[in-house]
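First the structure, which I've put down as C-alpha cells, then a few questions once you've had a look.
In this document, chain identifiers A, B, C and D correspond to the written order of the chains, with residue numbering beginning at 1 in each.
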Amino acid sequence: MRGDASRRILGGSAVSETIISTDVVEKSNAAREADLERDYASLGERLDRRGIAIDAIRDKVEKFAVAIPSWGVGTGGTRFARFPGTGEPRDIFDKIEDCAVISQLTQATPTVSLHIPWDRADPNRLKQAASRFGLGFDAMNSNTFSDAKDQKLSYKFGSLSHADAGTRRQAVEHNLECIEIGKTLGSKALTVWIGDGSNFPGQVNFAKAFERYLDSMREIYASLPDDWRLFTEHKMYEPAFYSTVVQDWGTNYIIAKELGDKALCLVDLGHHAPNVNIEMIVSRLIQFGKLGGFHFNDSKYGDDDLDAGSIDPYRLFLVFNELVDAELLGAKGFHPAHMLDQSHNVTDPIESLMLSAVEVQRAYAQALLVDRTTLEGFQDDNDALMATQTLKSAYRTDVEPILAMARLKTGGAIDPVAAYRQAGYRAKVAAERPAVAGGGGGIV
Amino acid sequence: MRGDASRRILGGSAVSETIISTDVVEKSNAAREADLERDYASLGERLDRRGIAIDAIRDKVEKFAVAIPSWGVGTGGTRFARFPGTGEPRDIFDKIEDCAVISQLTQATPTVSLHIPWDRADPNRLKQAASRFGLGFDAMNSNTFSDAKDQKLSYKFGSLSHADAGTRRQAVEHNLECIEIGKTLGSKALTVWIGDGSNFPGQVNFAKAFERYLDSMREIYASLPDDWRLFTEHKMYEPAFYSTVVQDWGTNYIIAKELGDKALCLVDLGHHAPNVNIEMIVSRLIQFGKLGGFHFNDSKYGDDDLDAGSIDPYRLFLVFNELVDAELLGAKGFHPAHMLDQSHNVTDPIESLMLSAVEVQRAYAQALLVDRTTLEGFQDDNDALMATQTLKSAYRTDVEPILAMARLKTGGAIDPVAAYRQAGYRAKVAAERPAVAGGGGGIV
Amino acid sequence: MRGDASRRILGGSAVSETIISTDVVEKSNAAREADLERDYASLGERLDRRGIAIDAIRDKVEKFAVAIPSWGVGTGGTRFARFPGTGEPRDIFDKIEDCAVISQLTQATPTVSLHIPWDRADPNRLKQAASRFGLGFDAMNSNTFSDAKDQKLSYKFGSLSHADAGTRRQAVEHNLECIEIGKTLGSKALTVWIGDGSNFPGQVNFAKAFERYLDSMREIYASLPDDWRLFTEHKMYEPAFYSTVVQDWGTNYIIAKELGDKALCLVDLGHHAPNVNIEMIVSRLIQFGKLGGFHFNDSKYGDDDLDAGSIDPYRLFLVFNELVDAELLGAKGFHPAHMLDQSHNVTDPIESLMLSAVEVQRAYAQALLVDRTTLEGFQDDNDALMATQTLKSAYRTDVEPILAMARLKTGGAIDPVAAYRQAGYRAKVAAERPAVAGGGGGIV
Amino acid sequence: MRGDASRRILGGSAVSETIISTDVVEKSNAAREADLERDYASLGERLDRRGIAIDAIRDKVEKFAVAIPSWGVGTGGTRFARFPGTGEPRDIFDKIEDCAVISQLTQATPTVSLHIPWDRADPNRLKQAASRFGLGFDAMNSNTFSDAKDQKLSYKFGSLSHADAGTRRQAVEHNLECIEIGKTLGSKALTVWIGDGSNFPGQVNFAKAFERYLDSMREIYASLPDDWRLFTEHKMYEPAFYSTVVQDWGTNYIIAKELGDKALCLVDLGHHAPNVNIEMIVSRLIQFGKLGGFHFNDSKYGDDDLDAGSIDPYRLFLVFNELVDAELLGAKGFHPAHMLDQSHNVTDPIESLMLSAVEVQRAYAQALLVDRTTLEGFQDDNDALMATQTLKSAYRTDVEPILAMARLKTGGAIDPVAAYRQAGYRAKVAAERPAVAGGGGGIV
C-alpha cells in the first residue's frame, strides 16, 4: 500500500538535491545508529517468536507514502486568531522547499498536494521546482469555499450547488482549470471539497441543492482524463452550521455511484459526527469499491485538524487494520490515496508534518503485525476477548525501530525532529522570509 | 399523507365497538366545544389572512394516521430497572384493547404494529380482536435481538449476520414466519431491526458480517409478497457498543439498493449520532426513492425513546417539512409508514401514546401551513433570514384547534387525556389485570 | 427581569435621535395595526380563559432588554472564509449607529457591549455617540485571544494562564484597561473569555495553568469597582482543541467561588458538550448564587453562533423557564445580564440581531405564561405527563401579538425587518461605507 | 498509588487458599518464563538508557491494586436482552470465588466491592468467605435505582431526591444499612450512585430536587464513621433521559463541598458527555482535593461499560498521567479508590476482569515512565510537539514484561487468560452452577 503516487518513480533521493545538509543528517544518525541496531535486533527476535520477519515489515514500511498538503506547511489558525510562526513560506515555491525537508528527513512523503488558487503558478516551473527535490504531485485540490481576488461571482451562498447557474458554471470551470494544471504536473486525481450548505432551516431546499451539486459534478467528471480519479470529501459541518450538501459518507457514496467508476470517496478523519465508528465506514467503502483515500489528522471535538494520532492513536490503528486487511485480500481496485490534512497552530508545521507522517506509518506497521489467521479463528469462534487481544498485541508493539530503520536505509533521519533542529532550518528561512502578520479576530 | 395503512378502510369507529363509554367522551367534549369553536374560528380568520383555508388543513389532518406498536402500551424500562405501572396488559389481547382506547380518543391511530414472538397468537383470533374495535395491522416486527424461550440457537453473537450458518438460517426463518402471520392479518410490510454488531474492535470482521447480513436479507426479500414492503432500520449503537451492522443511513441505503424496489429504509428519530441533521437524511432518502417510514419518538442523549416532540419539537416539524414537501410534489412512490416507537417509563403508556400521536399530527399540520411558494422565492434569492422565518411562522402557529376539531368531527375527544382520566380506564383494568413484578437490576 | 442595564434610564427613545425615519416606521405600523389589535384581543381572550392578563405580560416584555455586542453588527465568518456584506461598519461609531437601528425598531436592545481593543476610542466620544441614540453600555469585553497590533508579547500560547509571568501581566493589564474604559462609559461589568488551553496532551500542565489563571483573575478582581460584576465565560473548545482552561461550568463555578461575591458565571448557549442539559446548568448556577448572565445564540454542532432560537427554540424556552422561575421566586441577587453573541455569516447582521432579540423576548414571554402553581402540583404528584404539558401549552402559545404590541407601544416597529427593508438603510450605508475585502482561506 | 485497600494487609496469597491449582499456574508460567526473562532484560536495558530502573517500576506495579465489583462477575446485558454465560455465580459466595480466581491469577485485585441488596448476606460469613482467599472489601455500594423485593415505597420517581419525604427516608436508611454492613466487613467507604432525574422537561423542579438530594446526603454523611469516605458518582444520563440530579462533575463537586471533608467525587469514565476531556476533570478534582476514586471501564457511545482500555487506551493513559503526577507531587489527601465497573455481555466476565485489571495496571506503568522533568521543561518553553512526544514515548513503551514479571513474582500467572483456560474453571463451575435464564426483551 503506497498511496496514490509511487515512490519508485518519484522518490530516489540519491539523485535529488537535499535541503538539509547530509552531514547534519549523518551526524545525527551516527549518534543513534548503535542503539537502533540493538533495538531493531531485539524487536526482530521478539517478532520472530510470533512468526513475523521484521525485514519484511520494514520493506513494506519503506514503500509506504503519504502526501503533504502544500497549505499544511504554513501556520494554521482559527476564526478567532492566527498566530504566525517564523520563516513562514511566502509562496508555493517556499512551500515546496519545506515539503522537501519533510521528505528528506522522513523518506515517507514523496509528493505534494496543491491547492488552487493558493498555489497557482506556472505549472512547468512548479514541476521543475518539485523534481529538483525528487518530489511529485499528488491530488489537485480545488477551492470554491472562499472567494478569490477578482473572482466574478461570490461563493457566499454556495458554489457547485448554488441556486444561480452562473455561479455554478464558474465553480465548475475552476475545477476544470485544476484538472488542466494537474495534467501538466503529473497529478492523477482531483479532490473536491466544498463548503456549500446552509446556516438556517429553510435556507436551502436539500433535494434541489443536491441535484444541482450532482449536475455540476457530472460536468467535472466528464472532463476527467481516463487515468484520473475524482475524490469527493464529506464533512458534517463547518463552514455551514445547519446543513452541508455532502454531509456524510452516505451522501458521498451516492455521489460516487451517480458519477461513475472513477469517482471515489475521500475520508477525512475529522469530518464525522461525535462517536461515529470511522473504521467501519472505511470498511463499507472498501467493500463497495468506493474508497478513494484519506485526509489524515486527529480530532477531539470537531474538525480540529490536529496531528495524526495525537489524540486517539488506537483509532488510527483500527483504520489501518481495515486498510491492511483489504491490501492483503487484494480488494479489487484498492489503492487509496494518503494525504495529511492538518492545521498547525502551535507547532512548527514541518515538525508536526514529519511526526504525523511517521505516525501514519506507525499505524500501518502495527496493522501489518496483526496475526490475521488467528484473528479470523477467534472471530469465527466468537471469542471476542482473544480477537480484540490479537489486535491489541499488534498495536502494543513498539515499532519505532522498524520505522527508524526504514528511514535510515532510505537516506532519512533516525530522529527527524532532532536532525531538523540541529540543522537550524527554521532560523535560516526566518532570516530569508519576512515575518507575516497575524490575524483573525474580526471573524468571530 | 396517511401512513401505510388506510384509515378509510380500517377506521370507521361508528360501526366499531368502543371501550371508553361514548357518554364520557361526549360529556368531556361538551364542556370544551364552545371554546373550541371560538378558537377554531379565530385561527381560521388568521389563517385566512395568510391565504390558508383552515378546513382544508383539518381535512388532511383527519386523514393522517400513525400506528401504535403493541409493545408501547406496556411500561418500559432500562437495563437498571423497570418500574411497572398498574393494569399492565397481560398479553396481545389486552394490548389491543389499550390500542383501541388510543384510537377511539385520538382518531389518529387506526393500526397496531405487532412484534413476534411477543405477540404470537392465533392470527385469526388476533384479526377478530382488532377488527372488533375497527383496528387494522401495520408492519410486522421480527425479533432476533433476544433469545425466545425454547429457541434452539442463541443470538448472543448475532442473528442474520452470525458467523454460524445455522443461526442465520434460524433468524431468516423467524422472519419468514413473521411474513406468514402478517399475511393473515392483512399487514403489508415487514420491519427488520437487528442488534447484531460487536463490543470490541476485532470481534467481527465488518465486511464479512455485512455480506452475511445481505445474504440473509436476500432470502427474506425473496419471500416477500408482491404487495409488501421490507423496511430495514439503522441504529448507531445499543445493544452493540463498538460496532453495529446496520449503523447508519448510508449502510441502510446500500441494503435497500442491494435488495430491490420493495426494500426501503426506516428512520427512527433516536438512532443517530449526536448533532446529526436528521431531516436532511429524510430528504436524501426521499430523493433517491428509499424512504420507507418512521419510528417516531424523541431523544436527548441516545436512543432515549421519549415521547415524540417532547424534547425538540422543532426538529419533528423540520422532518415533516420534508415529508409535506414530498407529498405536495407528488414524489414517486412516496407513502411512508408512520409508527410511534417509544418507551414509557414514568407515564401511563396510553396517555403518552395519545399525546405523541397528537404531537406527530401537530408537526404535520404545522408543516402544511408553510407557504412553499414564498419559501422557494426566498431560497432562490438566498434570503436566508426570510426563508427560515417562513418556516418559523408556520411552526409558531398554535394548531391545537385544528387537531381538536379533527378529533371532534371524527368521534374522538377534544382533550383525550382528560376524557381518558374521566373514564377511569386505568383503574378499571388494574382491577382485572394482576400487578406485574418490576425488574432489572441484574442487567447492569 | 431586565438584563443588567436598565431600560428606564438608558432607553427613552422619545428624546433620542432616530436613524430610521419615523415616517417609515409609522407607515409600516399603520399597515399592520388593525390586524395586530385584532390578534392581540383574540389572544387576550384566550389567555384570559387561562387566568392570564395579557397586558401584564406585555408590560413585562416591554421592560425586558438584551444587549447587542458591537462585533455582532459586522458580517462574521469561519476559518475558511469571510464573505462580507455591503455597508459594513468601518469602526465603532458606525457600529453604534447600526445598534441604534436595532434598538429603534425592536425597542428591546437599549445597550451595546464593547470589545477592546476592537472598539477602542475616546471613551467620552463613545459615550456621546451612544447617548445620542439613547443607547447605554453593557459589559466590557476584553480580548486576549488574539494579538493586537503592536502588542509586545504574543498570546499564541495563552494569556492569563501563560507560563510566562510577563505575558500574564500584560493580559491582566489589558483587563484593567477595559475596566477603566468601562468606568467612563457607565458599564458595570467586565466579561472575561479567554482562548487559553492546549492542542496536544502534555502541552500544558492542567493544574499549574489553572492556578496561574486564578492568580491573574485575582488581580483583575481586586481592581473591580464595588458596583461592578465580573463575568467569566466557559467554553468546551475552540480555539484550543485538546484542552481549554475554563472548559465547563464546573471550572467556571470554582473560579467564581475562589474570586468572591462579585464574580459570576456567564453562560453562552453554544459552549457546551453535545447533548448537555443547559437549562439544568442554569438552574444550578442560580441555586448557588453564581449566574451572571448569558450570551444568547443557537447552535447545532459546536459554537456555531447562529441566531438565537433558530435551531432549537424549545431549548431557549426551557432556559427562560428557569429564569422566570427564579425571577418570580425572588432568588437572592438574581439579575442576570442578557447579551446576544452571534456570528452572522449569511444574513444582514442588523436583521438577524433584531429577530434574535425578539426571539429571546419571545422565550421570556412564553415562560411567563407557564402556570407555575399547577406545574408544582403535577411535580409533587409525579404526574410527568401533565407537568410537561403545562410547559408545552405555554410554549405553544403564539405570543407574537404581545411582542408586536410591546414594540408598537414603545415606538418600535410591528414588523422590524419589514420596516428596516422599507427604510433602505443597508443601501444607504453601503453608499457611504466602502466595501471591505473578504478573507479567510489562509487559516485552514 | 494502591487504591483504597492495602495489598500489604489483604494480599499475601501464600497463606490464602487458591482456587486454581498452583500446578496449572506453575506449568503455564514455566512455558513462558524464559521468554519473559529475556523480554524483561531487553526492556530493562532500553529503559536504562532513558534513565529508568525497570525494577523500581515493577515494584510500584506490584503494589497497585484495583477492586472487583461483585456484580461484574455475572454476565451483563442491555434493556433489549441478556444472554447468560455458563457457570454464572448463583450468589455472593459464588461471586467471591470468581473474584478469588481473578485475584490469584493477576495479583492485582485484592478486594471486592459489594452491592446491597444484591449481595446481602450475613456479614461475618461474607468476611470469612473472602478472607479464606485473602480477599478484603472495598467500598460498599447502595442501590436506590431499582426496587428491591418487598420494598415498601418505589423508587420509580426518585429516591434520595424524591418529592415524598417517606421515600427519601427509606433511601437514606438503606444507605445507613450499607454503612453498617460495611463496618463489619472492614470496608472504609460508601459509594452512592442514584438514577434520580426526569424524562420530561418540567417533570421535576431542578433546584428543589437537588436541595432534597443534598438534605438526604447530609443525613447519610452524618452517620459516616470517622475513618470512612463518602463517594458520590455523577452520570450524564441513563436511566433518566432528560435530566439527572447528579449529572456532571460540577454538580458532584458542589455536593462534596456541601457535605464536608470526607465527601469526595467518584469518576466513572463512561459517565460524561461526548468529547469531554476527562483527564482534565480528574486534574481539577485533584487540585481542589475532591477526587475520591474511579470506576474504570471504556466506552464509545454512552455508558457502554466496556472493558477498560478496549476502545481508547490512550485516554486511560492520560488519566493515569494525572494520577501519577499527583502521586509524585504528594498531593494532599490523595489516595483515590480504584474499581472496575463494567458490563460483560459477550465475554467470560472473569477473563474480561483479569485483562481489564491488567490494562489499568498497564496505564499506570506507562504513566510512571513519563520523564516529568523533561516534560515540565517543554511545557515551560511552549514546545507543544516535544511535550506531547514525551507522553507518547512513555505510552508507546510495551510494558507487558513489567506487568508479567510483577505477576510472576507475586504468585500470579504470566498469562492469566491462558492459565485460566488451562485450568478449566468455567467448565467446572458450569457443572456445579445451574444455567440461568436469559432475559430482557420486555424492557424496550
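Heads up, the rule we're going with is that a residue touches a chain if its C-beta (ideal position, glycine included) is under 8 Å from a C-beta of that chain, and two chains touch if they have at least 3 such contacts.
Predicted, not measured: the structure shown is a model, and the values here were computed from it.
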{"item": "B-D, B-C or A-B - pair sharing over half of the A-D contact pairs", "value": "B-C"}
{"item": "Most distant chain from chain D by Cα centroid", "value": "C"}
{"item": "Pair of chains joined by more contacts [C-beta pairs], B-C or A-C", "value": "A-C"}
{"item": "Separation of mean Cα positions, chain D and chain C [Å, integer]", "value": "43"}
{"item": "Rounded Å distance, chain B centre to chain C centre (Cα mean)", "value": "39"}
{"item": "Chain A: positions in contact with at least two other chains", "value": "156-157, 198-201, 203, 236-237, 242, 274-275, 277, 300-301, 310-311, 314, 346-347, 382, 384-385, 388"}
{"item": "Residues of chain C that touch chain D when the two form their complex", "value": "156-157, 163, 198-208, 210-211, 236-237, 242-243, 247-251, 253-254, 272-277, 279-281, 283-284, 286-288, 314, 318, 321-322, 325, 375-376, 378-380, 382, 384-385, 387-388, 390-391"}
{"item": "Contact set on chain A toward chain C in their complex", "value": "71, 74, 76-83, 118, 143, 145-148, 154-157, 195, 198-201, 203, 236-239, 241-242, 274, 299-302, 304-307, 310-311, 343, 345-347, 438-444"}
{"item": "Residue ranges of chain B touching chain C (in the complex, touch as defined)", "value": "35, 38-39, 42, 45-46, 49, 274-275, 277, 300-301, 310-315, 346-348, 351-352, 355, 382, 384-386, 388-389, 392, 395-398, 400, 417"}
